[in-house]
Structure formats: C-alpha cells, structure tokens
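Reviewing the structure listed below.
The first chain written gets the first letter, and so on, giving A, B, C and D; residue counts start at 1 in each chain.
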C-alpha cells in the first residue's frame, strides 16, 4: 500500500509536468487547430534559461547556506528564476509564432505541421550548438528536503511541483474564464471569422495564446529540472510527445481535459515503470495514444464532430 | 454613409463579383436580394474585410476601408452579422454580448446598452447565463443582432437574418431591425433571400445576379417590377 | 409509364443530429426516368436528404430502398456502385486533376481489371484504358467541355465546373442522378442551357433525376413533380402547377 | 512489349552494367551511391502515401526497421557463407518487404480512419512502439543492436530495387485504377461519391509503401552490417518526409532529385565544416546538418510549399501527357 501511494505521488508529480506542457498544446490547438510540434522544445529552452540565469539571480538574492533547511531567500530566488524563464519563453513562443506560423495561417494544415516539425528540429539542434550536446546539471534552486509522513516520504521538490502547478492552473483558469482576453481566446477558438467581426484582433489573441502556453512549458521545464537535475537539448522530445498524448487524452482543445490527461498519463507511466518494467516507460504513452485515437478519437471528454458535406 | 464602387472579388479562378456599385445613404435601410450564389454574402464579406477585394473601393463615412483588417473596420462603426449567425456556442449569452463590445473601453456605458438589448429581445435576458449553443435558431439570431449592437455600430450589415427561423420569429426580428433603424438611427444594409419581406422594410433595393447588379430602384418600385416578381417573389 | 414499384423509395426516414431533427419521417418516391424537384427554404434539410440517400448520413429511423434493395448501412461508394450518383452544392471536383482525369476517375468503379493490370500493362490494360478514354471524351463532348479536356479543373469558370461535376457523376453510369443546386451561380443563359442539358441527359441515359434548386424558373420549367421541404418535413408534393398554388407552400416558402 | 516495361528492363540492364565496374569506384563514393539508392526507395515509396494519397505518415522508418530486422534474421538463420548467396539475399529482401507490408497492413488498417495531424502522430506512435519492441527482444540483440555477417547489398541489388520501386509507384498512379489515389487526396468525400473505396486505396498505398520501405531496410542491413533500434527513430522518419517535401508531394522525379541532394548534402557540409578558413565557432553550426535541414524545411514551407522541383506543375503535366501517349 505504501509503495502504491509512493508511486501515486511520484506519478502525480510527473503528471503535473505533462499537464503544464499539455495545456500549451491544447490552447494553441484551440485557436489555430494545429499541433505545435515544437512545444516540447520550449520546455527544454525553459530549463536552460533557468540554468543560465540562476547564477545571476543568486548574485542579487544569495541563497541560504544549508540546502537541507528551508530558506526564504532560496525560495524567492527559485521563484525569480522560474518567472524569468517563463517570460523569456513567452517571448520566444510569440516570436516563433510571428516569424514562422503567422505567414502560414491559412495554408493547409499539413504545411503548418511540417513547419512545426522543422522548428522543433531547429530548436533541438541549435540548442546542441549553443548549449553543447552533453547533459548539464541543473543547480539546486530550492531547498532539498524530504518530509516523512509515516513510512511515506514526500520530497520538498514534489510539494513545490504540486503547489506551483495548482497556482498556475488557477491563474490560467482565471485568465481564460474571467478576463476579456481569455473570453476572446475562447471566442476565437470557436469561430475565427466571427471573432474578427467582433473587432477582435486575432493576431494579438493568437500571440497571447502562444506566450501563455510557452510560459507554462517553461515552468514545467524548471519544475522538472528541480526533480531531475540533468538537462540536455533533446530533453523536450519525449515529454513533448507525451504531453501531446495527454492533451489528446483529455480531448484536444479542452483545458481541464489536458490537466486530467496529463495526470492520468503520469500516474499510468509511473505504475508501469514500478510494477511492470522500466523498459516500457515510453511505449505506454504511445499505446495509450493509439488506443484513445482509434477508439475515442475526440479524447475522453470530447464529442464527435462530423465533416460537413 | 457607405459607398461601394466597382467592387471585384475572385475566389481562385472564379469571379464572384464583377464590379458592383452600391450606395447606402445614412439612416436608411437598403436591401440586396438575389438567388443563392449570386454574390450577396460575398459583397458583405468584402465590405467587412473578411474576404479581400481584388479591385474597387469601399468608402465608409468618407474613409476608404477596402484595405483595412476586419477588426479595424468594426472599430470604425461598421458591424457585420454574418450568415448562419456565427454566435459563440461555447460562450454564455452574456459573454457573447460582451464580446460584441470587445473594442469599447467605456465599460460604464455597457449597462445601459445591455438594458436596451434585453428590452428589445427579452428572451436574451431570461437566458443570459445559459450557454449560447443551447439557444434556438431564432434566439441565436437575436443574440447575433444584440451582440452586433453592443459594438455601438453606426451601420449594421445583416446577412439573411431569416435563415432557418420559424416564420413568426422572422416577423419579430424584422420588426426589431426597423426599430433599431428608427430609434438608434443605425443605417442597415440587409441581404435577404426572402425578397418580399426585405423589400417591405427597406427604402431602396439592389438585385444581384451572378456577381452583377442587374436592377436597382426604390423598394416599392422593385416590388412591382415584373422580373423581380417572377424570380424572387414567387409571383 | 406505369411502374409498379419505385426506383428509389425513402420510407419514413428520420435524421437526428443531437437533439435536432434535420429530417423527420420523410417519404419520397422516384420512379425510373422521372425528373423530380426538391425545394424549400435555405436550411430546410434538402442537402441532408441527399446525404441520407447517398449514405453519407445514416437514418436514425426508417428505410431507403433503391432498385429493390435496402441501401441503409451501405457506404457511399457502395451506393454509387448500385447506381446513385450526385453533385455537390459547394462544388467538389478533384482539384489537382485535369478535366479529363476528373471524369476518368469516376470510371474507376467499373474497371474490369485491378492493380496487377495497371502494373503489368498488357494488351487488356491498353484496351480498357482506351475504351475509358473514348467514353470520357464522348461525355465531355456532349456537355461541350471537350475544348477544356486538359485544363486544370480549378481554372474553369463556375458554370463549367458545375457542368463538369454533372459529367463526372454521369461517368459512374447512374440510374438516379442527384443534382444539388446545379444552377447556382449561373447567369440566365447558362441556366437555360443547363435545363436543356439535364433533359437531354435524362433521356439519353434513361436517368431518374432528383433536383435541388432555388431558381424557380429552372425547377418549374423541367420538373414533372416537385416535393417541398420545410424544417425537415415534406409539406407538399405535386405537379409544378399544383405547387405554385398550394397555400402551405406560399406561406412557408414564398414568405407571405 | 510496351514502353513502361522497356523502361524497367533498360534501367535494370543499366544497373547490371554499371555494377560490373563497381570495383573501380572509390569506396567512399560507392557508399554514398548505395545510400542514395536506399533513400530514393524510401522517398519514392513514402511519396505514394503522402504525396499521391495525401496521408501524412511519420512512421516510415518503423517499416524500414521491420524489413531490416526480418531480412537480417533470414540471413542469420541460414548462416553466413552458405551457398546460393544471391538467392538467399533475394529471399531475405522479400521476407523483409513482406514483413514490413504486413506491419503496414496492421498499422494502416485501423489508423487510416484518422486524418492529418492525428494520423501523423499515430504513425509516429506505432513506429516508436516497433522500436521499443526491438529494443526489448533478446533474440534480435535488444538494445545492443544486431550484426549481420555478410555484405550482400551491392550496386546491382540496390538499383534493381530502385527501378522496381519507381516503376511500381509511377505506373500504378498513372492509370485509371491509380487515379483513385489522387482522388482520395483531393477530396475523400467526392471520391467516395464517385464509387471509389477510399479506405481501400489508403490502405493499399500504405501497404505498398511499407513493402518497399522493408526492402530498403533489408538493403540497409546488408550494407551497414549492423542495425540498431535507435537508428530507426522518429528523426529517421522525418528525414524521409523531408525528401518527399523537398521533392514535391506527388512528384516522383522531384523526390528522386531530392533524395540525391539530401544524401550528398551532409557530406558536402562535413567537408565545408572542416574548412580551416572558417571561424571556429561557425564550423559546428555547418557540420550539424540538422540545423540546416530544419531551416531548409521551414523556408521551403514558407516560400515553396509545393516543393523545390515542382516547376508550377509543368513536370506533373509532362508526366500526365507522357502517360496519355503510353496508354
């Protein structure tokens, strides 16, 4: 039982990361109806930005001396690192949209998909050129502590992942459901023509969506690097694909669905690794994807749409 | 208020509009009638900027708008209620109405405008928290018009407001169009297949056929025109 | 002309999307060689009826009989093979193919030989390809499209594209042809010519035709019988003369 | 005897004649030539699925790996240096091709209901699963990879396969029967309304393409003499897609040119990257062919989405006319 609970916690922590990335896929799919293949690589860039800005942040906010004790300075520094990374990635996301995707706005979806693959390959390989292909170790930007509840041990990092994820989700929900920009996002995702007839500048909303999704991916990159402090330029490929699976699982375009899909996939993967074999860690995501697409192509919560003839 | 001159629109190799001219005087209701595929919707789409015109000029209130993006045209006070209503089914009725006011910054004035819309379409008030996708066809059309009114337009373009709506509701909606025109002084360009009804409430009419204006006259005269009678009035 | 059973028999068909009944309890009969019109206001469910007959949609309730057999549950390509061909309201030609190839592709259905012939390319293959080419050219000739044989179909004017769609449908050798607003976007001269061609094809190929059309001159001019649809329900059926004077039709359709 | 078959025989004859002199070719260039051949097979076969039938597959490397492993297993079970080497090789290639075709049927059957992005991602998923399976099966060397003791792939076998692939794809598509592929690409609904069984065509394209990918895999295994699951990952599939895109969807001559160019390109870049006149910092930028690839891909999509070698469809028109005369 303890082992199961432990696995569940690990799975939820991993799932939170998937959920944060999946939200970006789902949001972009919502407004542009295409899979932003390069989204997983933004997550990678997020981690590397964190790696490079940490020394600068630490110069301004010196971290605590004892890494095993909670320290306000360390926590604040970690938060600043994450915020900077989110902002940088948001800008990167907007830039990519502006330079590459916007000129392709009304082209066949295949063209856009191939372009996205191109952007993804570019980010990975340019990352290798810029950062070096070898894994880098990510600094301890948070106090490293374990909390024991009976036989169950929860890492401080996992708590940080949960708390941050929840905060980000609440913030996102507020933006999407309550603000003018968020309502415009939803309107646009339903009907772009009607949105522009309302005076909505679709370009602005789409850029905003890209920024928002990329910021969430950057946060996921940092959170994951806190847990697994070895980062490399190709680290975004698999989580990217898995987060996409999570988005599809929840019904692409559906925000709560992406979160549920992410958590579900994270738990599923951890259980397979824990109880079956770590060799099938990656296969499980693809098996889930194939299963869901073949039997419920609109995801667990989606509804069937028919082509108009 | 609105002058369309020599407007040409092509879809790929197909020419949808072969240089049409339309004048919509301030405060009037002008209607555009014609068969399916004649180019009525294309005309409105070109004016609101959703479809790009290849040639020609569209002057709204003294300003050339033919090259403006749709959202800017809305900002100028020209609002298009598209064919098929295109309400946001995933948003609530209230959110739909607020989207209509997207470009406005005078949030304090929203209340009064909402009251006016709920006054002419009481059904919307009853359903304001409801998801717009659950509305009936007629209610959706009311919402589409209400949403357009929230942008405080000076000119309203309506594309087939009677489409797929029960006859009784069509009557109500046409009455409201006249009311809005009279009370708020909003100029109306109405595209309609139901020529009888359209010519009844309008002052001037244009008949479009395969992308060309073949007739234009005062509505009362068009209703008596033998050709119009045969083709469009089912006479 | 007394045919005991109809070629097409739509029997109490209902199509439901979610809570919405797009077509309800529709009865429709078309006899061999008959030219029937289907009219009604926009959004009344005419195209849905076409999609129902051709297997794009399945009826929620009811049955459809064609040539003595039920076609419910069959795929669109199977129904076409049985002898129902159609055109589309929003022209759907094969955009990358030439005019000739668009029609030739519709002959695919009656090929005697398959993949091995296409690869082996023996005498039988050459003969069959030549036969098809001859048939296609013949059809293009009838519809005055021969001069455009090698043109890209998307470069054609609207009226020609609509005619090409009819030719393509005819190449599947149908017994029943469904035309969805064939006159939309045509000028009066083209419309007149189209009416003549539809009648001509109907006689030459012994076709039954079901015609959805908004232009009253076209419908009233060539149809022997007209059915009127409103809100997915058939509200009237009869000769053009009877329809013209039907109170219900005038009320619902002509907008009094 | 009509023209298509003459064409096929001539190209096989040419391959045979050239192969008589293969000893005289510089081994470096010889390697590149074989790789070009394998890439042509992969590109042209994927073009049947993506270019002509309009189904976007990101799993072609998966079928290639099935062919590579299956053919390698045939060779290994017969034993090295057995007599009748050529016959065994033909057998191995055929087993490779047929295994891949079977995999294509198993994958394509259910997944071709999906369209566009979804199909792409599902084919990618299947290819990854195939890779994970090879990584876990001890009998094929698992994650260590598999060595093949013989080097049977030579110029003749490679270009014989190239000729066959081109023949099948081109002459399949240019017939009334083969027009079915194009109609499915252009408009599936209209194709079905014209009596064309779209599903059948999609699956057929998938199976034929998988067969040739399997042959390519067999050639690759008996050329490199070592295969490894990692070598057939998602990036390999992308490589093949790039060949098709660059050549132009549904443009076989273009795809052949693209396969040649994209095989030579990394070699040229390697040479350029070690050119000492260049600043130190730039060299790795050039040597990493993927950076250039990706930029090329993006630029192509922005500027010429129809491919580099589609001269406004003139080439396709020329092919159509050529067909008209042949039939």
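Note that in this section contacts are C-beta pairs under 8 Å (C-beta built on N, C-alpha and C of every residue); 3 or more make two chains touch, one makes a residue touch a chain.
Predicted model, so just to flag it, every value in this text is computed and none were measured.
Farthest from subunit D, judged by the mean position of CA atoms in each chain, is B. Between A-B and A-D, more C-beta contact pairs are found at A-D. Computed centre separation for the pair subunit A/subunit B is 43 angstrom, with centres defined by C-alpha atoms.
Centroid to centroid, with C-alpha atoms defining each point, subunit B and subunit C lie 33 Å apart.
Separating the CA-averaged centres of subunit C and subunit D is a span of 41 Å.
For subunit D, the set of residues that touch two or more other chains comprises 189.
In subunit A, the residues that touch at least two other chains are 309.
Across the assembly, subunit B contributes no residue that touches 2 or more other chains. Touching subunit A in their complex are the following residues of subunit B: 48-50, 69-71, 74-75, 79-80, 82, 86-91, 95, 98-100, 102-103, 147, 151. The touching residues of subunit D, when paired with subunit A in their complex, are 56, 110-111, 113-114, 116-118, 120-122, 124-126, 128-129, 132-133, 135-136, 189, 234-235, 238, 241, 245, 284-285, 288, 290-291, 293-295, 297-298, 301-302, 305.
By the touch criterion given at the top, residues 12-15, 35-38, 160, 162-164, 166-167, 170, 193-197, 209-210, 230-231, 233-234 of subunit B touch subunit C in their complex. The touching residues of subunit C, when paired with subunit D in their complex, are 54, 56, 75-77, 80-81, 85-86, 88, 92-98, 101, 104-109, 111, 113-115, 117-119, 121, 125-126, 128-130, 132-133, 152, 168-169, 171-172. Listing the residues of subunit D that touch subunit C in their complex gives 2, 4-5, 167-168, 171-172, 175-180, 182-183, 185-187, 189-198, 204, 250, 313, 320, 327.
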